[in-house]
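Order of writing sets the labels: A, B, C and D. Residues in every chain begin at 1.
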Amino acid sequence: MDIRHRMAKRAAAYFAAGDIVNLGIGVPSLCNNYAPPGVMFHTENGLIGVGPLAEGLQRVESFSNANGMRFVPMPGASVFDSAESFAIVRSGRLAATVLGGLQVSEKGDLANWARPGKMVGMGGAMDLVNGARKVIVTMELTAKGAPKILKACTYPLTGAACVDHIVTEQCVIDVTPEGLVLREVLDGVTPEEIQRQVEPTLVVADDLAIMAA
Amino acid sequence: MDIRHRMAKRAAAYFAAGDIVNLGIGVPSLCNNYAPPGVMFHTENGLIGVGPLAEGLQRVESFSNANGMRFVPMPGASVFDSAESFAIVRSGRLAATVLGGLQVSEKGDLANWARPGKMVGMGGAMDLVNGARKVIVTMELTAKGAPKILKACTYPLTGAACVDHIVTEQCVIDVTPEGLVLREVLDGVTPEEIQRQVEPTLVVADDLAIMAA
Amino acid sequence: MSSKLRTKDEIVALFADGQTIVVGGFANHGVPDALIDCVLDSGARHLTLLSNDTGDADLTIGRLVHAGRVDKVVASHIGMNTETVALVASGKIEVTLVPQGSLAERMRCGGAGLGGVLTKTGLGTVAEKGKTIVEVDGERWLLEPALRGDVGLVRARSADPIGNLTYRGTCRNFNPLVARAAAVTVVEADMLVELDEIEGDSVVTPGVYVDMILAK
Amino acid sequence: MSSKLRTKDEIVALFADGQTIVVGGFANHGVPDALIDCVLDSGARHLTLLSNDTGDADLTIGRLVHAGRVDKVVASHIGMNTETVALVASGKIEVTLVPQGSLAERMRCGGAGLGGVLTKTGLGTVAEKGKTIVEVDGERWLLEPALRGDVGLVRARSADPIGNLTYRGTCRNFNPLVARAAAVTVVEADMLVELDEIEGDSVVTPGVYVDMILAK
């Protein structure tokens, strides 16, 4: 499995039937391929029950996700305006959100919407990381060899102390009150190899598991 | 015409086609008999387009006004929840509200929801006097001979400086920046007789008119 | 995605002494009467009631007052219910009166992850008492903080198995706000319909807000 | 009760230099394109645009940017529109970025007679900048003040002559909020229907918010 799908599949393992989940663009959007039955997807432009991408006559303007892609609504879909959409988000009704990340700090701060001097908008990301019960970041462990998991973020924050799980192509890391806990590594990758690629000191879980390739 | 209907009819003369109006209980509720065509009525429990009282099979729980009376909805009626209902009220979308009054001050303060020591609730009155573009109070000029139009209200206020027009059984008084202006009197009633029944000094309008009996 | 339909016994088990119960309805209309039966059956006491009014004496919401279950009331009006008025007068029930529009917004905040709203309603009146005044660009506003409860009781017209709801006429009133403003939201519907029988655009309360639906 | 249908010329006459225009739509979907034609035809310049985004370059809302009519933008995201990004970078357009949920609530406040809301969104980020922090029971909240405009442009699915509106699917998005958040609200509807053809319970935006409807 290519690394994008590997990360999406692992992130989707956090979902359970009955969950309402919001997926960001890029790798997160692939999670719907791996979600267990009974998960429903929320799109912040105003619908719960996002189904597969639409084809032919199904491609109507009225069912487009936050990324502008046309989709088929699922049975039981509900429609609402943007205020209601974010009432759902902020009030903790979303079981999870999956987002990409530029940087995550050891306290779980997330920077994913802007590089310094290039701020084109946070969209709904600040509300999502503030409201969703579980915030899952999918990202590669490093960018051009430089760590993305840092003691403190240097880019503008999306939210402070908001991340629960970091899913990378090599490992899974949880943000806990005791610090960053290494939960899973790819077969053949050592905790030491992961540690070299992140800035803060990782706690290695007693029950460190193998991440599905 | 009996004095209740006389007051209601005069208050309804402030309405124009296209207006959305909220009527309080008692005399105000009679205004719908005298409104010009094209006025629509708002009930704060969540509907615009309140029609006549319902009879027989028309009497369904789902169309009840704020006073619990069953009514027939008019063509073009719209339904909404209580938050939307008061968004409409507060944002100035109601052309007018007509309410009863216990006391009105010379600055247009209104007391109509409680006597001292007997506060059973303001309901929607505080929102209505704050939001409606025109606040019309229908009340008798005095209570057991004591004036109800005072220099300052002694009862708990519904709103400060909110009243535009006071319609009584004997006269019509406007609240203006220059003070209370006597606009109309019943045929045969003199401004002096009205003045004796109110506490603040009235300004008599240059074009003082005769109020329809 | 499993059904949210629950038996009366499962719903009765939700209630406990000292809870805040948020209830839909307005002047005896659109009240979730079968869910009020559940509260009565539970035996729960010392409740705080958060609702527009307390109905009439021993009618609709008023049955909770009549049965002596209520210690506190937060409402916009209690005058219709002579029992509530008498219990307040004798100090047996504590009441907080909130302007109706502010009550609706406060419930909405409680269910929307918001801390409160700024309103003009009540400025210069007793509704200001104990409240914070916030200035925005030199203009004075009254801060009305969010309100939430432990269990919300909602009366809907129709409900599908995942809790998408519609309402009918003025029976809507506070119900969609109550559906959001509690830790657990329970629904009583006039009609139980199949999944997808309520068209998405017609859903008034999305099922995401609903935890349990009373089975018939 | 007379019809709110108006000719294109009557609507074009609404716009003037320096106005704040509030526009519905999300990422080119559910945008009132015929009303944007009206703004373009009016020649109005130095506009402030209040909308979720500015569409794509020279598409939907982006046409106002392309035509050089916009001085300021208040939005949650401008990244799709390369022209907006370039004009912001060169200082020709001033942009204020607002988290999407806060933008929606701020418009709602502007149209609901409220001064602002308290949210957690943006605490600890640049979204705090210049904003007031309000404490409620020791908890910190960000005060997001109300936003309003001069003219609101709404795209609806159907409209009756008094402006009761429905929407379709995700074309609803910000449109019902825009319908409330301006001094004058103008609607473009895919379908114009007769009075009472939209059942009262199905009305999403009550006609009371609507001033004019573009005639076909």
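In this section, a residue touches a chain if its C-beta (ideal position, glycine included) is under 8 Å from a C-beta of that chain, and two chains touch if they have at least 3 such contacts.
Protein names from UniProt, one per chain: C, D = 3-oxoacid CoA-transferase subunit A.
Predicted model only: the values in this text are computed from it and were never measured.
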Both subunit A and subunit C are touched by which chains?
D
Which of B-D and B-C has more C-beta contact pairs
B-C
Starting from the mean Cα coordinates of subunit C and subunit D, work out the distance between those two points in Å.
32
Distance between chain centroids, defined by C-alpha means - subunit B, subunit C (Å)
29
Would you kindly tell me how far, in whole Å, the mean C-alpha position of subunit B lies from that of subunit A?
55
Rounded to a whole Å, what is the gap between the Cα centroids of subunit B and subunit D?
34
Subunit D residues counted as touching two or more neighbouring chains
105, 108, 112-114, 119-120, 167-169, 172, 200-201, 204
Among the residues of subunit B, which ones contact at least 2 other chains?
47, 73, 79-80, 86, 89-90, 130-131
Every touching pair of chains is listed here as A-C, A-D, B-C, B-D, C-D
Where on subunit A does subunit D make contact in their complex?
43-47, 60-68, 73, 79-83, 85-86, 89-90, 109, 119-127, 130-131, 156-161
Show which residues of subunit D lie in contact with subunit A when the two form their complex.
26-30, 52-53, 75-80, 85, 97, 99-105, 107-108, 119-127, 157, 167-177, 204
Which of the residues in subunit A come into contact with subunit C in the complex?
17-18, 20, 37-40, 42, 47-49, 73, 75-80, 84, 86-93, 130-131
Can you tell me which positions in subunit D touch subunit C when the two form their complex?
105, 109, 112-120, 132, 134, 136-137, 139, 141, 143, 145-146, 166-169, 172, 200-202, 204
Contact residues on subunit D for subunit B in the complex?
1-2, 108, 111-114, 160, 162, 164, 180, 195-196, 200-201, 203, 206-209
